[in-house]
Structure formats: C-alpha cells, structure tokens
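Got a structure here, written out as structure tokens. Questions coming.
The letters A, B, C and D name the chains in turn, as written, and every chain counts its residues from 1.
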Amino acid sequence: MDGVGRSLVRYWRSALPLVIVLWSVSGAASGATTPDTVTPEPPSPPSNVAAEDRSNDAGGSVVISWTKSADDGGGKESVVEYLVLRSTSLAGEFQQIGSVRSGVAQFVDQNSIDGTPYFYMVRASDGVSLSLPEVSEAASSSAQWFHTGRTNILVAGALLSFLVLLFIRKAKRGEELYIRPIAGLEAVDEAVGRATEMGKPIMYVPGIMDMDDIQTIASMIILGRVARKAAEYETALLVPTSRSLVMSAAQETVKEAYLDAGRPDAFDADRIRYLTDDQFGYAAGVDGLMLREVPGAIFYMGAFYAESLILAETGHSTGAIQIAGTAMPSQLPFFVTACDYTLIGEELFAASAYLSKEPLLLGSLKGQDWGKAISIAILVGGVILVSFGMSKIVEWLTTR
Amino acid sequence: MSIVERLEKLDRRLIFVLILLAVVIPLVRPIGFKIEVSEPVQQLYEAIESLNPGSRVIISCDYDPSTMPEIYPMNQALARHCFSRDLKIVGMGLWPQGVPLGQASMEQAAEEYGKSYGVDYVNLGFKAGGIVVVSSVAENIPATYPQDYAGRPVSELPIMDGVRNFDNIELIISLSAGDPGVREWVMIGQGRYGKTVGAGVTAVSAPAFYPYLQAGQLVGMMGGMKGAAEYEILMEGTGTASRGMDAQSVAHGLIIFFILFANFFYLVGRRKMPWKR
Amino acid sequence: METIGIWLASLLTICILTFLYKDNPLYKFAEHLFVGISAAYWAAYSFHNILRPNLIQPLFIEGDLRFVVALALGIMMLMRLAPRAGWLSRWPLAFIVGTYSGYYFITYLQTNAVEQVRATLIPFVQVVSWRVFFRDPGLMTFLNAIAVPVMVIGVITGIIYFFFSREHKGVFGGLAKTGIWFLMVAFGASFGYTVMARISLLIGRMLFILRDWLGVIS
Amino acid sequence: MKKQIPLLITFVAGMVMLVQYFIPHRPFSEVYRLFNQWYLVVAVFAMILGIGNLIKIHSVRLRRRGSGWQYSIVLLCSLGVMGVAGLGWGIERGGFFDYLYWNMYYPLSSTMFALLAFFVASASYRAFRARTAEATLLLASAILVMLGRVPLGNYLWDRLPLLGDWIMSYPNMAGQRAIMIGIALGVVSTSLRIILGIERTYLAGR
C-alpha cells in the first residue's frame, strides 16, 4: 500500500472537498434511483482516537489506540486497513507513518522525537476510499528513569541478595550455621562399611561433565569424604572419569583424603583413570570395569545424562549398593528407582556444603533457605488472603 | 540359582529384540487406536485460529535431528496450519541444526498452500547466544538478522516490510528439545514483552513446563509425538506422528509389563528372603 | 543420488545400532564421523549466519567501529588454543559469563520464582467445582474439586522438603514427607514421558528403515 | 592484573544487564543493545574455540599415535569434508552440505538417541525396583501417565487419559513448581556471586 497508497491519499486530500460536494449534490439530485455510477460510500471512521507516550521505555515511541470503525467486522464489512498519519500541528500537513490491517485497533509510532507534541490521525480505508479523519489530542514520547511495573522484582532481588551476602559474611566469620543432617550422607558411610565387610572395592563415578559444572565440583567434595572413609577401612577405591580435568581434580582430592586419614602410602593414582569424552563410550567403559572388579558399593555423584540408565542397570546386576546424587531433573527418576539411595537435586549441593563447611557454599545455601522460608510464608499467607477475597497480594507480585 | 535370580540375570539383548518387535510389528500391521486431543494442544490450536489473516508468527526451531520423530511432525502441522489461515511465518532457530528442518517444513507446506518465500514466509537462520538472541530479536529484528539464513538481505524481502521488533509479531512458537528453547522465549518474550508464547516440546521436557502452562506463561503446548499426533488430528490429516502411535502403545504396554513382572518377583523374593537386601 | 543417500543413511544407522551388541569398531567409526560432521556443521553455520552478517558486514563493509571490540574479544577467546597466551581468553569469557549471569539473575527470579508463587495464589476452596461434585459425584468431578488444594499443598510441602535449616522431625518432618510424595509423582510423570520420548525416537528410525530403505510399508 | 580485569568485566557486563531491566532510560538501553550485539559475536567465537579444541586434541592424538588414533583420522576427515562443503558452497537447501546433513548427520544423530529406547526397556526390566515407598509411588505414577498418554490406555479404560492429564496438570505441576522455585533461588544466588566476583570457579579452570 506504500507507493500507490501515498499518491492516492494526496489526490484524495486535495480533491476531497470537491468530491464531497459533487457526491452529495448528485446523490440528492438523483433521488431514490440507485445509479451504479455513483462512487462507493467510504467506510465509517474509527472513533475516540487516543495517543499517549509508551510508559516504562527508553522514549521515542507513542502508542495510538482507537475503537474500530463500524464497518470493520460489522456493518458494510468494507474496511481493509487503517492508515495512521502524523503531524506536528493540527493545521499542518499530515504525513502517513504506517498502516495496520482491519481488526487491529492499535499502532506504535516508533520514531517520535522525545518532547515534541504530535497529532495523530487515523482513517479507515476499504482499499478505494478513505473514511473521514479522526484526530487525537497532542502526545509526545519521553523516556522513564524507573520501570514502575518491575518494583516487585527489585524488592525480591534486593532481599535475596542481602540474605545471601549476609550469610556468606557470617560463614566467613566462622559463625555456626546449622544444616540438617542429610540422610544421603549416612547412606554413603553405611555403603562404604558394607563394601568393606564383603571385601569388595568401591567405585565412584563423578558424572560426565567438566569442572565448570557446579554438580561436578559438589561431586569432588563428596569424593573426598568417600576417599577418607575408604582410606580408614583400607578398601580399594576406583574412580573412572570422562574428562581429563576431572581426573586430575579427583587425584588431588583422593590423595589429600588419604593424607588426612594418615594413610598416604595406600594412595594409588592409577585407580583414578580417564576413559573417554564420549558419552556412551564412557558408559560402556565403566560397565566393563564394574563387571570385572565387581564393586561392593557404587556412587554416581555429579551431572548425568541419558547414560545414567546403562550405568545403574549394570551396577544393579552386580548386586552392589548404589548411591546416586544429581541435580539433573531428567535423570532423577531413573536413579530413584534403580539405586538404593538418591540425593535429590539441591541435596547434592547441601551435602557438599555440609561436608566442606566452605563459606561460599554454606552462606548461599542458608541465604537460599531464607528465600524458601519467605516463599512459603507468602504462599501460605497469600492463599489464605485470596481465599477470603483479598487479592491485593497478587497485584504486588505481578510484573507488568 | 532361584527363578528370581535367573530372571533378573536375563541377557539384556533378549529384551532389545522384544522392544524392537514391539515397535516394528505395529508399524507393519497398524492397529488403529483412536487418539484423544488433550487440552494444552487444543489451546495452542485455538491460539493460531484466533489470529487475523496476515498476522506474523515466529516459529523458532530450537531442536535437532535427534528429536525429529517428535518435533518435525509438529513443525509440519504448524506450518500447514499457519498457511491455511494466511498467516506469515518468520522462521529462525536457536539451534543451527533446526534451521534446515524449519526450512523443509515451510517449503513443504508452501507448496501445498501456494505460498512463496520472502512474501509469506522467511527463514532468518541461526544465531548463537540463546537468551541474548531472544532479547536482541525483541528489540530490533533487522539489526539482529540483517540477512536471512541463505545470505539474502532482509530489506529485500516483502514479508519483513515494517517489521521492526516484537510489536509487529502476533504469536511466538518455540519448537524446543532443550536449552536454549522454550524457557528463553517465555522468560523474555512473555516475561518482559508480554507476547503470547506457545510451545512444541519433546516428551522428556514436557512435564517441567506444566507450571508455565498453569501460570498462563505458555498459551498452549504439544508434548512429544503424542502431542504432534493430536495436532494432526485437529488438522484433519494423518501425518507421520499419528502413524507411530500404535507402535507407541504396544511398546508402552511391553515396558509396563516388564516393570510389573520384574517387581512382582522382586517383592515376592524379598519377602521370602528378607536378609537378601 | 537419492538412493545412494538412502543407503548411506541406512548403513550408518546400522553402524550405530551395533553398539547394542557391544562396543565395537563400527560403532566407534560412526561415532567419530558424527562428532566430526557436527563440529563442521556448527562451523559452517557460525560463518554464514553470524560472522558474515553480524561482524564482517557491519565492521568491514559498513565501517561500524563499535564492532572492533567484539572482534578483539573474539580473537582473545581463540588465544586459549595458544599455550602461552591462554590467560587472555579470560577477558571474553568474563564478558560472556557476566552477561548471562546478569540475564539469569533477573529472568530466573521473575519467571521461575516470583511468577510461580503468584500463579499458586488461588482460592483454596473452589466453590463451583465442589458444587459440581455434589451434584454429580464421580472420580473426575472429585479430582477436579480437590485439584487446587492438591496443587497448593504440593507446592508448599515440595519447597519444605528442600528446606535445609530445620531437621525433618515432628510436624515439619510430616510436611516434608508429604512434599517428597508430590516430588515422586512429578518424577513418575518425568519417567513416563522420558520412556515415551525414547520409544518415539526408535519409532522414527524404524519408520525410516521400513519405509524409505526397505519399502516394506507405504 | 590477570584476575582483576576479568572480574571487572564480569561486574560491568552483569550490572548493565541488571540495571537496564529497572532503568529503561537512554544511556542504559543503548549500552544494553550494544552488549547484546557484541555477545552474539563473542558467543560464536566460544563455539569456534570448541571446534578448535577438538581439532587440536585429535591432531595431537594422531601425531602421537595415541589410543584410537585411527578414529581421529575419521573425525578430522569428516570435519574437513563437511567444513569445506559448508564454507565453500554455502548451506542452502539442495547443496552438497545440505545433502551431507540429510544423509549423514540426520541418521547418525537420530540413531544415537534411538539407542536409548533399548536401554530404557532393559533397565525397566532389570533395574527399576519398588525398593522404597517413594520408588513405588514413582513407578505407579509413571505407569498411569504412560497409559494415559497412549491410545492403548484410552482403549483399556476411557477415563485413563483424563486421569493422566489430571496427574500432569496438578500433582506433577506442583512437584515441578517446587523444584523450579528451588533451582531458581540457586541460580539467582550463583549469578549474584559471579557478578560480584566472589565466585571465581569459572576462571579457575582456565
């Protein structure tokens, strides 16, 4: 509608008064006859055209809205589109800045200069003739310094950040931060004990992701605990890894654990081996190791994907006790049904914070716990309020 | 070795053969179970039906061939549905492997409904960066995509006339097999710009998006091959998804039988020999 | 050309399926072929869909000097391949990690936390659905009536299970126990859907082999 | 110096994204758009780095005849052929690159994941046990959902699809939402620590 449309509009605007006079005269003169030569009647105009600055933006845009013309979706059903024109003064020359299809009652003018007032005209068109113009009040765009619709996120973000930083500082100062005993960790100790009774080795599978995945880091901390127990009980510890970086980190952790347990001589670096980066190749390699070594206890701690099935199944067939821990939602169902105990999602991180007492982990865990406490309070209080018809809290939480 | 142990030690390759048969036989001899349409799929269908002709729909292909059996039929059904309602499709992909799949679906549907590239549909190709790509598209589409997937300047394509950012887009649909995908489109598209967002996801990720459906962040969703088959029913055509549903039924029946059968012996065994574990 | 393609695809499919028997050279061959092709695929799309339109075009052709910084950061990223200059790659990495951390702080807080809490605030007793249940008692009407209470209790007790500052004992332990039951239903749903997904993928492959390759079915 | 500047970059990039969300006014919106454009370019170089790493590892293994070096030849050749086809003749439909995509990449990628159907089937028989009350509830819910999602369920009992939908829309939704909120709080706190520079593990490994 661009080239042809503009010339059409210019022609109509200049010839409009003449046409109206002719049309009304010819209509009146011809009386009741329905001459087929008369020009088709233009569609009725849209009504209450309003223009206002788009709020909460970087300026430069004005939102124009109107009620659809009577002939759009009703009446003569003749409206094909709406033309939107703009001028800096009522008497000035209106320039077309865009058009929208029928059925739409809004247009956004995206290149207005902030501070300058504009008048917007909207005209319904049936492809041939244009409706009478409807003009809005003056409106000018401006940029806002604060997005009022997002105060709830600002409050929530500031509160959570304050809590996390507060507890990190407390942990750094060595204050005693209570974390409930994690059932999974007792199961870890029991499994190592059971494997020692049966005189079988222990296998620790640290997942298939690299050291930049937070689950692998948590896994290394739990490996330290398992290694210390294995050193005390003098049980062999096998750690097949799928990343070379994870292998070196695991060797570091296990050596340190053996030192802590006073058994540096029992540390054997070749039991901690890198197999392959490939997902299924690694699973096949670990399965082979399981069937050869027949471990008494197997630990799966870290990030796992679809290969968790292959590992847990073979582990189950060797009769070993299996303890798993991962934050991968898609793999948790398989570990829960195939293993004897599973650390679910955040329990993996809680266990590593519980064991390491590392201020960063401990502090953020406590900060997040407070975040959960607040969420529970809002949920309980909110549902009660809403049940009694007071839904102000819902508005506070809504982001616009 | 007791029956329980012998059954448990059954060679896994026998089970592989059983599952293969459970899939192949119904494919060769279809049974023709009836498919029910679930509510999330109906809502997505309604969302497209309610658009005025000429509206623009973003279909973002955030998946790859490994999930084609579930998502490609959705892509085809959506392209046919949009063209049947004279909607314009703006195709793109947050995964590079999704771009040719989106292109193939749109071309196939365009042939059927007489639509032409550059006028009724466009394929803007792939950009790396996931959530950052979505927010760049929200702000300024031509600046983020100066050229389409094959290198043609976007300014030459009529479909992109007057298209500047999300204000000119009526509906966003993400066909996603993981990250980046539906989550990024909901977080930016719906969360910051209030656009209507629909989804077509793999069965693996479907359960995790039900909170988005309930909170109204997603207007509708197709989950897995079953979701695709339901959409094909709504489009009155039996595409590849509905064809696979018989095999899906039989395979599910077999796996449920495995679980019940093995657990029956497991629970019986455990009661008789409590000390075993 | 078409039939060669079909045969090539079918042979590669068989190579991968041999892994079911045991890990073997055929599988390793196909696997490494796959890794090589997907790496080159990413490289080709990186150039055609990103480097040319979003870097070469604005910087070298339109002379928009703001993109010099992006190019510099990009090259510094590649420095990691050079043994000595590896530390340079920390600058672009810091830019990437900083940017998406800024995004995730807001988007996860708004879409996955605040919005989810807001959407759970629904009147506990849905009078309408209870009235429907009493008029026509049945399983489905009952389930629809208890739907909202189930949802609200499930969300609250689910979060309580992941609360680590109080021991799971007494009433609090009971709430956490209820929470784990809801989590188990959610895991059951994920389990069922994941099985469904895996089967669909196999169906897709068998459809290809039976129809496109062997032509057993139409 | 090597650690301070990266931490400063992380802080500036993170704060721009945070502040722009709350303050839409001019300077921040411009910087926000500029950082987005830069991000698209730098993110692609991160991918190219990944490819470069892959080439480096396998060419080293080839030179030193490390274990499985023959497969490294396969990898490097396929990478070369596909790369030259893509960069040289373009990625449009119908080209040689497209041909390799549909006849090599597509079958390899989809069959790789089709393997999982076999593994889930054998695990269903050999590993999934109702060993605890929770595991029993999990398996029961899984069976109900699996039956509800396929026409077979509808054939057995016409209410099964409705029951399956109810489980998905209410109890499952509640459990997923609780997990989602927990993870969201974790991600927000990790992002905060990264932006403020008190979490540096992402720099450590380099």
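We take it that contacts are C-beta pairs under 8 Å (C-beta built on N, C-alpha and C of every residue); 3 or more make two chains touch, one makes a residue touch a chain.
Just so we're clear, the structure is a prediction, and the values are computed from it rather than from any experiment.
Visitor: Count the C-beta pairs in contact for B-C and for A-B, then report the pair with the higher count.
Guide: Of B-C and A-B, more C-beta pairs in contact link B-C.
Visitor: Would you mind pulling out the distance in Å between where the CA atoms of subunit A average out and where those of subunit D do?
Guide: So the centroids are 14 Å from each other.
Visitor: Averaging only over C-alpha atoms, locate the centres of subunit A and subunit B and give their separation in whole Å.
Guide: Subunit A and subunit B have C-alpha centres separated by 18 Å.
Visitor: What whole-number Å value describes the gap between the mean CA coordinates of subunit C and subunit D?
Guide: 6
Visitor: For subunit B, what residues touch not just one other chain but two or more?
Guide: Where subunit B meets two or more other chains at a single residue, that happens at 8, 12, 16, 19-20, 23, 66-69, 97, 99, 127-128, 132, 135, 144, 149-151, 191, 203-204, 207-208, 211, 214, 224, 226, 248, 251-252, 255.
Visitor: Could you list which residues of subunit C touch at least two other chains?
Guide: 19-20, 28, 31, 35, 38, 41-42, 45-46, 48-50, 54, 99, 103-106, 108-110, 113, 115-118, 120, 151-152, 155, 159, 162, 183-184, 186-191, 193-196, 199, 201-202, 204-205
Visitor: Of all residues in subunit D, which are in touch with two or more distinct other chains?
Guide: Counting only residues that touch two or more other chains, subunit D contributes 18, 21, 37, 39-40, 43-44, 46-47, 90-91, 101-102, 105-106, 109-110, 112-113, 115-120, 122, 124, 126, 128-130, 134-135, 138-139, 142-143, 146, 149-150, 168-169, 172-173, 176-177, 179-183, 185, 188, 190, 192, 202.
Visitor: Can you tell me, using the touch rule above, whether these chains form a line, ring, star, complete graph or other shape?
Guide: complete
Visitor: What part of subunit B is in contact with subunit A in the complex they form?
Guide: Residues 8-9, 12, 52-55, 161-162, 164-165, 167, 191, 204-205, 208 of subunit B touch subunit A in their complex.
Visitor: Given the complex with subunit A, which residues does subunit D contribute to the contact?
Guide: So the residues of subunit D in touch with subunit A come to 18, 21-26, 28-30, 112-113, 115-116, 119-120, 122-123, 126-131, 134-135, 138-139, 142, 179, 181-183, 185-186, 188-190, 192-193, 196, 198-199, 201-202, 204-205.
Visitor: Give every residue of subunit D touching subunit B within the complex, in rising order.
Guide: These residues of subunit D touch subunit B: 21, 33, 36-37, 39-40, 43-44, 46-47, 90-93, 98, 101-102, 105-106, 109-110, 112-113, 117-118, 120-122, 124-126, 128-130, 139, 142-143, 146-147, 149-155, 161, 165, 168-169, 172-173, 176-177, 180.
Visitor: Any idea which subunit A residues touch subunit C in the complex?
Guide: Within the complex, subunit A touches subunit C at residues 152-153, 156-157, 160, 178-181, 278, 280-281, 284-285, 329-330, 332-334, 336-337, 344-347, 350, 365-366, 369-370, 372-373, 375-376, 378-380, 382-387, 391, 393-394, 397-399.
Visitor: Residue numbers of subunit B touching subunit C in their complex, please.
Guide: So the residues of subunit B in touch with subunit C come to 13, 16, 19-20, 23-24, 27-28, 66-70, 96-97, 99, 125-128, 130-132, 135, 144-147, 149-151, 183, 186-188, 190-191, 202-204, 206-208, 211, 214-217, 223-226, 240, 243-244, 247-248, 251-252, 255.
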